[in-house]
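After this come two complexes, each holding subunit A, first together with subunit B and then together with subunit C.
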Partner chain A sequence: MNQIFVNKVSKWYGDVSALNEVSLELEPGVLGLLGPNGAGKSTLLKLMAGQLDASLGNITVLGRTYAQDATLFYDIGFCPEQDSLWEEFSGGQFLSAMLKLHGWGAHDADRRTKELIGLFDLERAGNRRVKGYSKGMRQKLRIAQALAHNPKVLFLDEPMAGLDATSRAFVADLVQEMGEQDRIVVISSHILHEVESITKDMVLINQGQLRARGNVYEIRELLTDHPLQLELTVSDPRTLVRVCMEYNHVVKIELDPTDPERIILFTQHQNQFFKDLPEILERGDLKLKSLHAEDEDMESVFKYLVK
Partner chain B sequence: MTKKSEIYAQGYEPWEGERGPTDPIDKIFRHPAVLIGRGTLRNVSFMPSGCFLRLGFFILVILPIAGYFFMVAISSIARFQIENLKNSETFGDIARPLAELWAQTSSETTEAQIHLATILIPSLTFSVFAMIFYGSQLISREKQANALQVYFAKAITRADYVIGKFMVIGVLTGLFTLVPSALIILLGLVLSPDFVEFISQSWYVPILTGSYWLVLTASFGSITLFFSACFDKSYMAAVGFIGFGFFCMVSSIVLGALFGMPDILTGLNWGKGIYDIATAIFELQIDFGSRLFWQLVDLGAITLLGIFLLFKKIQPVEVIK
Partner chain C sequence: MNEIKVNHNQVHLAFTLGKITAHRLIKRHFTWVFLLLGCAPAMIATFWIGVQLDFWDAPKLPFALFQDLLGLYFGLFYVPLLAILLGQGVISEEVETKNLTFTLVRPLRRESIVAGRFLGHLFVGWILVGVSLVVVYMGNMMFQFENFFSELLYLIRSVIIMCFGFMGYLGIVALFGTLLKRMSIVLCIFWVLMDVFFSRLPVSKLQAVSVQYRMLASFPDGELPTQFGLAFTKITAAPMYLGFTFCLLFAATCCAVMTWRIRKEVILSGGIK
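Showing the complex of A and B:
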């Protein structure tokens, strides 16, 4: 049963509600967990990783719960957001110790540690104490310990923080590959393009509530309160305005005072608009010179949702 | 950075190694509590950084401990070889009065009492310092580094974690109880003029020392670890430990002054309680009496309360009970 079920989960810290009745179903692949700081991403991730107990609701990981079966921890990897390393250890000692805590024997743990040190380009620092590591090296070590033991489920909380461009590309590549290997990978971030480059499957969370789930286009479709903004340059903008007003999904049209050929159009159903666009152009006998979706990227969707 | 093709050539195929322990010894060494204990011991910063602090550490810590072990060794050698030393030309003048003194007291002194006199005060003193400087770091440093999150993403329980920490406390207190006691016994076995006599007098001493070590580890450990779990700054944990010791001592004195000194209150004086219990252990005091009984009850209550609160403070995992 290679799935995660989050069933109406709520979490309170005293009087503060961190999550409110969140339900989610996760299949193998990479899922991006997006939201601004304090949205509840880390809380949800910690709940799924068995770090916290839900105040209400329940979570099943691979058909099991942490309370019933502690060996479930053998199958998960967790990379926390905050710094979480044994400072007096060398990088190699730390990875080896973490593998042993997962039940690995000394020989296998040492062999695997050498692989990981090479994998994450930590050879030169492998024997140095962790307290002398740079932020990027520490981040690499955190990610390495999370995936060292071949977990079936991987939770990565802001894994790109502190990494340089090369390392980001490497981690993105690694995460994508793990998702393709029938593993469930959940990656949280508040930096949208990072996640967008890894996966199209996203969950948007804000103020402890699940706001949307799907790829960027599906999520956009859900946002009927926040119309998609399109910039069109056509041969006769006034005719386009007249024709478009007959379509219900077009909610607003503005003429651009700086460019007489350009209009800004707002539609609530982008897919329907793109289906109807050829008909609109034909009816008005118009020539489309350019079309640009102003807010089709994740950043604008995200901005809408957290407003 | 390794290329993608190389990464996957190294393999993310399912791990086929041995997960479970292969033999009973392996089972002990691979138990999560032992792994936590070993990891913690490695992670403790024993040596301060900086020239002056290191010099201070050497003068205030290393020298007294080395001096103590040296004195234990020398006094034991002298005791076991007193007859030979008495007749020696070099040490005869010093050894003869000591031999007379020893002859007067040895008939009334058991081997256990010698151990008590040798290790009790130094072990209490050194252990208090060990708790202040090292015991206070054991959880607080991990809290400060958020290492608990990584620990508890593995298949370990809070009990494993706490037992692992107690093991480290046990190592620290054992250094000042079990090690000097073992040194005395080892020297006795090698140097005692009558091997059988020595065995017959001291066979039970390791049991007594072990019992004292357990009392010291449990009581010091529970309080130190509780304060260490309360703060992410180890100096705050150390202050908490010292403060609690003073609070117990002062409250027992104040309450005693207010209400007379019923036995139930004497037990609140934590350090005195350990001292009296250790003395009772080494003197094989079977009849505890009311005062010692209440000391045991109070110390047990403080220890259990410390362990209970410690479990409460170990976060973030709440799911594994």
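Showing the complex of A and C:
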């Protein structure tokens, strides 16, 4: 049963609600968990990784629950967000210790540690104390410990934080590869283009609530009640406003007080608007100087959703 | 990839965590400072012999000086202080630094985590206490070499008693640390003072909960280490196993409460399968 079920899960910290009735179903592949800081992403990851108990609802991972079966931890890997590591150890010792705590023998643990040190390009620092590692190296080590024991499920909380461009690309490839190997990988981030480059399957979360799920286009479709926002610069904005108001799919138009030639237009049907645009311009005898769709990328959809 | 042999036994995993914890502690400067602090009194004997200085009003033999150090330095100061500082690291320091996360995502039950962390600290504490006492004994008895071997049994008994005393102190300090976090050091110091005070009071119920009393009572009559002058009651010797059992139960109870606490707060898997 290679799935994760999150069933109406709520989590409170005292009086503060961190998650509110979140339901989710995960299958093998990579899922991006997106939301601004404090949205509840880390709480949801910790709940799924067995680090927290849900106040309400339940979570089943691979057909089991953490409360019933501690051996479930053999099958999961978790990369926490916080910048903590066992500072007394070298990178190699840390990874080896993590594997031994999974019940691996010393020989196997050391062999796997060498593999990981090589894979994550930590050879030169492998024998140095973690205390002296750079931020990027520390992050690599945290990711390495999460996947060291070849888990079936991997939870990565902001894994790209502190990594340089090369390392980001490497981690992105690694995560994609794991997703293709019939594993469930959940990656959280508030930097959207990073996740977008790894997976199209995303969950948007804000203020403890699941706002949408799907790829960027599907999410847009789900938001039929939220209009697409376009910025237009034209020769005569007032005429444009007058003409546009005759079209049903245009729901709102705002004049930009800082730029007399620019308007912000909200349409319910993006495709229909672009079909009608030549006609609108012709009817008003207008010259279009620029057009920018605010919602054309994930970033703007995300901003829009979390408002 | 070769077939990986994985040991699922919780006792094995708890001991592995204990070993790793001890390894981490040994790599800290703090541990070595405490070793030096433990061995430092050995120099007193050298100094005492060297200048024939009388520290305690009347001339003493090196063995009597060892008994002074045992009661006044190790029993009252070194062992409780070591427990207070090491005990903070059992759970609370790991929670505070968020390093416990790396242990919590491993397939260890909560009780195995507490047991492993406790054992690691206990082991290092025992090594420090044991090595320090042996070094101090040797430092003293080299100037009274004719009794070096005849008093070895006393040394062994002293090491065992100080070690189980450390276990009792470590248990309560680790528990306070887990329950109270930052305020725990203040409470631990207060509790150690009370513990010493209770051991001197002629109230059997207070003595019953005093680790210090159990330590002192485990020495046979006439072999008691030196104590502070103020004692309101005579300490009656009891079999050593009673003191050991008391401290073991004390520590085990503390570990059980810690397990319950982290099960509640930090969330542990740990369901019994």
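In this text, the second predicted complex is superposed on the first by the 242 of 307 C-alpha atoms of A that agree within 3 Å, B and C clash if a C-alpha of one lies under 4 Å from a C-alpha of the other, contacts with A are read in each partner's own complex, and residues count from 1 in each chain.
Just so we're on the same page, a contact is a pair of C-beta atoms (placed from the backbone, for glycine too) under 8 Å apart; a residue touches a chain by one contact, two chains touch by 3 or more.
No experiment lies behind these values; they were computed from the predicted model shown.
Asks: Looking at the overlay on subunit A, is there a clash between subunit B and subunit C, or do the two fit?
Replies: On the shared subunit A, the partners clash.
Asks: Given the touch rule stated above, what does A:121 touch, subunit B (first), subunit C (second), both, or neither?
Replies: A:121 sits against subunit B, while subunit C stays out of touch.
Asks: Subunit A residues in contact: does subunit B have more, or subunit C?
Replies: B
Asks: Which holds for A:181: it touches subunit B only (first), subunit C only (second), both, or neither?
Replies: A:181: touches subunit B, not subunit C.
Asks: Check the residue A:173 against both partner chains and state whether it touches subunit B (first), subunit C (second), both, or neither.
Replies: Once the two structures are laid over each other on A, A:173 reaches subunit B alone.
Asks: Could you list which residues of subunit A make contact with subunit B in one structure and with subunit C in the other?
Replies: In subunit A, positions 49-53, 66-67, 70-74, 76-78, 80, 82, 84-86, 88-89, 93, 97-98, 100-105, 108, 145, 150 sit in both the subunit B and subunit C interfaces.
Asks: What part of subunit C is in contact with subunit A in the complex they form?
Replies: Listed in rising order, the residues of subunit C that touch subunit A are 1-2, 4-9, 12-13, 16-17, 20, 23-25, 27-28, 97-99, 101-109, 267, 269-271, 273.
Asks: List the residues on subunit A that touch subunit C in their complex, please.
Replies: So the residues of subunit A touching subunit C come out as 49-53, 66-74, 76-78, 80, 82, 84-86, 88-89, 93, 97-98, 100-105, 108, 145, 150.
Asks: Could you list, by residue number, the parts of subunit A that touch subunit B in their complex?
Replies: So the residues of subunit A in touch with subunit B come to 46, 49-53, 65-67, 70-74, 76-78, 80, 82-89, 93, 97-98, 100-105, 107-108, 112, 115, 118-121, 142, 145-147, 149-150, 166-167, 170, 173-174, 177-178, 181.
Asks: Note which residues of subunit B are touching subunit A in the complex, please.
Replies: Of all residues in subunit B, those touching subunit A are 1-2, 4, 7-8, 10-15, 17-20, 22, 26, 30, 32, 35-36, 39, 42-45, 141-142, 145-157, 316-321.
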